[in-house]
Amino acid sequence: MPHRAPGAPDGAGRPDYLTGKPITYYRPRGSSELRTLIDEGFQAFNAARLSEACRIFSDKMLAPENDTTIGLTIAGALTPAGLGGCIVELMERGLVDFVISTGANLYHDLHYALNFTLRRGSPFVNDVDLYEHGIIRIYDVLFPSKVLLETDAYIRDFLERIGVDEPIATSELHYRMGQDLLDQQPGCEEYSVLAAAARYGVPIYTSSPGDSSIGMNVASHALLNGSRLMIDPNRDVNEVCAIVLAGRQNGCVILGGGSPKNFYLQAQPTLWEVYSIPKGGNDYFIQFTTDQVVWGGLSGATPAEAVSWGKVNPGGLPDTVVCYCDSTIVFPLFSEYAVGSKWGRRSRKELVHKRDDLVAALKREAEAARDMPHQAEGDPETMPDLERHR
Amino acid sequence: MPHRAPGAPDGAGRPDYLTGKPITYYRPRGSSELRTLIDEGFQAFNAARLSEACRIFSDKMLAPENDTTIGLTIAGALTPAGLGGCIVELMERGLVDFVISTGANLYHDLHYALNFTLRRGSPFVNDVDLYEHGIIRIYDVLFPSKVLLETDAYIRDFLERIGVDEPIATSELHYRMGQDLLDQQPGCEEYSVLAAAARYGVPIYTSSPGDSSIGMNVASHALLNGSRLMIDPNRDVNEVCAIVLAGRQNGCVILGGGSPKNFYLQAQPTLWEVYSIPKGGNDYFIQFTTDQVVWGGLSGATPAEAVSWGKVNPGGLPDTVVCYCDSTIVFPLFSEYAVGSKWGRRSRKELVHKRDDLVAALKREAEAARDMPHQAEGDPETMPDLERHR
Amino acid sequence: MPHRAPGAPDGAGRPDYLTGKPITYYRPRGSSELRTLIDEGFQAFNAARLSEACRIFSDKMLAPENDTTIGLTIAGALTPAGLGGCIVELMERGLVDFVISTGANLYHDLHYALNFTLRRGSPFVNDVDLYEHGIIRIYDVLFPSKVLLETDAYIRDFLERIGVDEPIATSELHYRMGQDLLDQQPGCEEYSVLAAAARYGVPIYTSSPGDSSIGMNVASHALLNGSRLMIDPNRDVNEVCAIVLAGRQNGCVILGGGSPKNFYLQAQPTLWEVYSIPKGGNDYFIQFTTDQVVWGGLSGATPAEAVSWGKVNPGGLPDTVVCYCDSTIVFPLFSEYAVGSKWGRRSRKELVHKRDDLVAALKREAEAARDMPHQAEGDPETMPDLERHR
Amino acid sequence: MPHRAPGAPDGAGRPDYLTGKPITYYRPRGSSELRTLIDEGFQAFNAARLSEACRIFSDKMLAPENDTTIGLTIAGALTPAGLGGCIVELMERGLVDFVISTGANLYHDLHYALNFTLRRGSPFVNDVDLYEHGIIRIYDVLFPSKVLLETDAYIRDFLERIGVDEPIATSELHYRMGQDLLDQQPGCEEYSVLAAAARYGVPIYTSSPGDSSIGMNVASHALLNGSRLMIDPNRDVNEVCAIVLAGRQNGCVILGGGSPKNFYLQAQPTLWEVYSIPKGGNDYFIQFTTDQVVWGGLSGATPAEAVSWGKVNPGGLPDTVVCYCDSTIVFPLFSEYAVGSKWGRRSRKELVHKRDDLVAALKREAEAARDMPHQAEGDPETMPDLERHR
């Protein structure tokens, strides 16, 4: 048997799971020391990609003359990890114009808004033991299962309180939820993405509306209370298309990948492929991910591949960057850099209040395009013909 | 400069992109030679995980006495890669009872159903050049952009033809689309997942209904034609919960991860957390993925972590397995093994026709639970108290 | 607390670690069913890369008219996982001409040669408990620590028995060890890579000679017995260069990456950069790895990047392929395909007996090149000048 | 064809490869703003692992009362990426006692020592074109191939100048090379790892001595000049064992993985398995890597698995951490934190001058252990018996 150092402890002893520090919404402060490190010390490999992403965002996407409409997409458990503070800061400063998030990130944001405590922990714990003790684990974030039940109770109360009885967009549901939080928990825009988004007029969309505890409770409201409140995905699709169509320039910051990435990126193909509207692809594209292109999925697909779909402007590839790193490390660094940059505050677009007008404009353009001969098929001389198997 | 071998070609010359072999829906045949390799040659590391997955599926999940309700979730571009044939084979044989898929996989399945040709290609091509020539790329799968436009035209015709003018579940939309394909393209259940699912009564759900070209065209139908057809995510959530609730045992095969994985796995938490129904978690859990647990997202989360959420039965961990490999390699191997196994054909559950009854049963149980004292909070002696920050 | 299914077991109960099936050296048999699957069912993404790798190897590298000198490099714990049988089969059939391996793979091969049993297990075990019970774990492969001690005892006996008292190449050490195994364990060329390599004349190199239990025991022999036996890395470098130089065409199969990959690939740069000999780079390049190009290391570096170093012929990129997958899954599939192919048996080069002649030829060419004006610096018109910081 | 924005550039135009900023050796300065971010903002997932690693290193490994002997292992192209500055800073401050590096990192360090310029570039360049223009690429680092030839010329001159004609340890070769650089390029300890190591008495080992351009030139020196200078891996193995044996506590910082990781970690198994010396495993273990445990290789193996081999003290698992991230991002952050910490400067051990004494002590202890009854086999009651296949 391998020798053991004399007196080495044996690792036994039952851990007390909920003793780690509470996780809080850290707010980036624009550290100049960090800026120096990113500019001078991050010179190659993914460090250089992060450095490029910081400069593309701060020097180009935020430049007033470009007036870029900026979408932020969020996948992966970022609010449980305390990254909501970066998102709040970017929204408050006008650096992000709309958000597409998984439902889970918004659901877990509610724990913060409602002042429930999530704690730092370890991923190396016994899940059967956690289960016995009613503790929920998100990788290394731990909290009592009561947090889920109380958060669900809030959602159900909210759904009854607002009295909506028809299909609505997720942007509308989230806006109303944010306003409700501002009412119920004054000041919570400091520690809630949903509340801050409502305060600062940032629409938040969810591409998979049934796919979180928020969606589960909406479904329960329909089943048990006979409510006709439901999410209307059509409205979501058309609102995002309308926002992108209205952008002078367009750019995105993609955290992770997943269906929020796809939901954002499909706006341009919807315009040319479905609505026959000749709007080009994204001018700027920043992604932080740990997925890889070689697995073939959309999460890991490159900006180059997106060019072939019209999602990214072919001439814009120099302004695209993918940095392969866990968002929990790079998103705070990126946010610090942006906050401390020359254009670290923009006037907010407050798109949540302009959604109806933008969709109306989209409808007008699409109707006009429908009445025109179809332009979207390219040059018949060079386009490959359609082949059929049989 | 490094020396070059005399006469070495210079790699130049313009590739002719659409010359690769057509991609077809390969159907697994139950190879016994492959079974031998998997049993005897796949002994450690991910090869052993694949071997375990094959045995859990074939020996336990398919065993008649367990009567397992089996969900298959699909993320990543598997139909473009030709893996629809494996899915068709499993559905036809009754080895999969319901499916949760990204919209993209179903949209690209339509190309096969409609006989358009996708071709084998290379991921190392110039996307700006592809764009100039109207060729679309999905990693190494290439096809003319006309395929998209013609597929969209089919969807729009279909939407007008069915004349639905109200919210419906994705299972209903896909069932009707499959029936329409069977009408329009007789025999296409051999080369279309949507058509085969309709033929064999397998409901197909999409967790992110607006997030694909199908969803884009539904949204366009609403915007331009004033249709009230929309996806009702509530119905999807409740149908999947009802199917899981009705299962004697439950098990899943997860390809990739993403929102389909979450949508499947949330059924059990919905039951205990939202509906207060004491149904345990999954009895069997098989995942093929290239995501990693250390990135912290749901796609890479382990069955162990799922135990703490009540998604997997704590005693069932021996019957869970994650194999880290590209689905394009392991899913055909897994399917060959299953097809050739002792219980390689089961009587089909044809759940698509039982959805109303199952949802009614869910509603009854949930109403009964609502009228009972809440049982879902655990032992107040051992449960941690709720903490609040402020 | 999440509900638990009534009667669900609690996962407790002490596992008996050494009850899994013994791991054996599976020998590929040339399955035609597998060949069909690879040709017809593996059409896109990494499945297509595997399919390409099979065809490049079987149709081009093995083609008699190309007379390719084929190097196999091995990193990752493949012999513990039972993959030694594939390597033995390829060597016996003349499909691999020389091998570069980590020392660990050769050390663990000795357990098989000496008939010690390694067993299938689980990666999810308590390592502190394993440690208490004297069980060694390699991911999911388990065996008693006595296996290490007995294997070490064999190595020490061998070192004393051969009586070498001077620096030698690793190819010589491994050849003598293989011969000793053939003597001590007749027939063990069926279940030992080292023994089979000696029998079939395949030289085996280790790039990191001190970096395994073999190297540890050689070092102990020097320290405690005053032996002057040591590994001479110079001889290894020059032998590999000489083998590559003598190849009519050159190609490699790289399992994993690591220092064996680098050691193989540096042969061509050594020739042009150090010996000024104008030999081009590799004609064929096949790698199976799970590392990624975006991490920037050599293990994940692409054949394209290798072109800039003269490691791969610029015109040869169509004959290079990287398949991203665990070797335990793809290497048996690849070996089955090769064994069953048209040229699934070649006459063996038996390079182990030609090493002196090849090194002498290298020395002659290098001396001739030294006496010539230096040709390796490229065209002074187009070469960038050397820059200095200070 | 997807629409293109009017006026979008077409991405054409030949890049001028060597126009990026020169890469320099960034020196960490102990930023307190960064410390705040790491302590307060890095709360979960890999950000939390980095935060833990910073605290384990700064609060425990550097604590004077623990007197930890600290090894740093380096794999991946870190000196080309400019990370040599962090290594120099840690050595100068006494925070690292010895180093195990791939040869490539030391070879590329010579470019900096000799004042040749490497430049920031892009990984998305045409390698055939680079090859035509004599430009070498390491992922996104670009430089003329003349840099290689001139660096090789320096090495050859050095080898002739020092006149060593016998086997030596890599620590000796690197120490002499560092001294030579200090002579030839006064002040270069500021921008060369090799020079700084010589100045500050830090021994540097290479586990794969033939596996770099340094090793290639040593081999050429032997072949063409008849030199008997060679690397003696036995001496390397025994020196590292002796250093670890002498440590009051032992700890490591592992960048990447690869053979340097293995070479470091095998020291403790060598002690118990080969030399029968009862020294326990590592007390502290920090790794930054992008490899994954599920691929089964040593690079991705966890500290827990290392416990079963006696490489890590079983009771020390709380003081082990693996952070999954590209070293180019996390190593500068980690170094900034350490430099700014309470014990950010230690008295240097200058082990390079103590190697003979330490090896002599190892020899004495090993001889004493050899004369004792063997203690390393554990309790015969509980140890599993050795099994044999045949």
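A, B, C and D label the chains in the order they appear, each numbered from 1.
One rule holds in what follows: a residue touches a chain if its C-beta (ideal position, glycine included) is under 8 Å from a C-beta of that chain, and two chains touch if they have at least 3 such contacts.
Predicted model only: the values in this text are computed from it and were never measured.
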Query raised in the report: What is the chain whose Cα centroid lies farthest from the Cα centroid of chain D?
Result: B
Query raised in the report: Higher C-beta contact count, B-D or A-D?
Result: A-D
Query - Mean-CA-position distance for chain D and chain A (Å) - result: 37
Report summary line: Cα centroid separation, chain C vs chain D, in Å, comes to 23
Query - Rounded Å distance between chain B and chain D, as computed from the means of their C-alpha atoms - result: 44
Query - Contacts with 2+ other chains: residues of chain A - result: 1-2, 4, 10-11, 24, 44-46, 77, 81, 128, 131-134, 139-140, 145, 269, 273, 290, 292, 294-296, 304, 308-310, 314, 317, 324, 326, 328, 376-379, 383
**Report entry** chain B-touching residues of chain A, taken from the complex the two chains share
**Finding:** 17-18, 22, 24, 75-77, 81, 102, 104, 112, 115-117, 123, 127-128, 130-140, 144-150, 152, 167, 191, 207-213, 215-224, 230-238, 241, 256, 258-259, 262-263, 266, 269-270, 273-275, 290-299, 301, 304-305, 307-310, 314, 317, 326, 328, 359, 362-363, 366-367, 370, 376-379, 382-390
Query raised in the report: Which residues, counting only chain C, touch chain B once they are in their complex?
Result: 1-6, 8-11, 21, 23-24, 26, 28-29, 31-34, 37, 40-48, 50, 77, 80-82, 85, 120, 124, 139-141, 268-269, 271-273, 277-281, 283, 290, 304, 308-311, 313-318, 324-326, 328-330, 332-333, 336, 375-379, 383
Requested in this report: Within their complex, state which residues of chain D touch chain B.
Outcome: 1-2, 4, 10-11, 44-46, 128, 131-134, 145, 292, 294-296, 322, 324
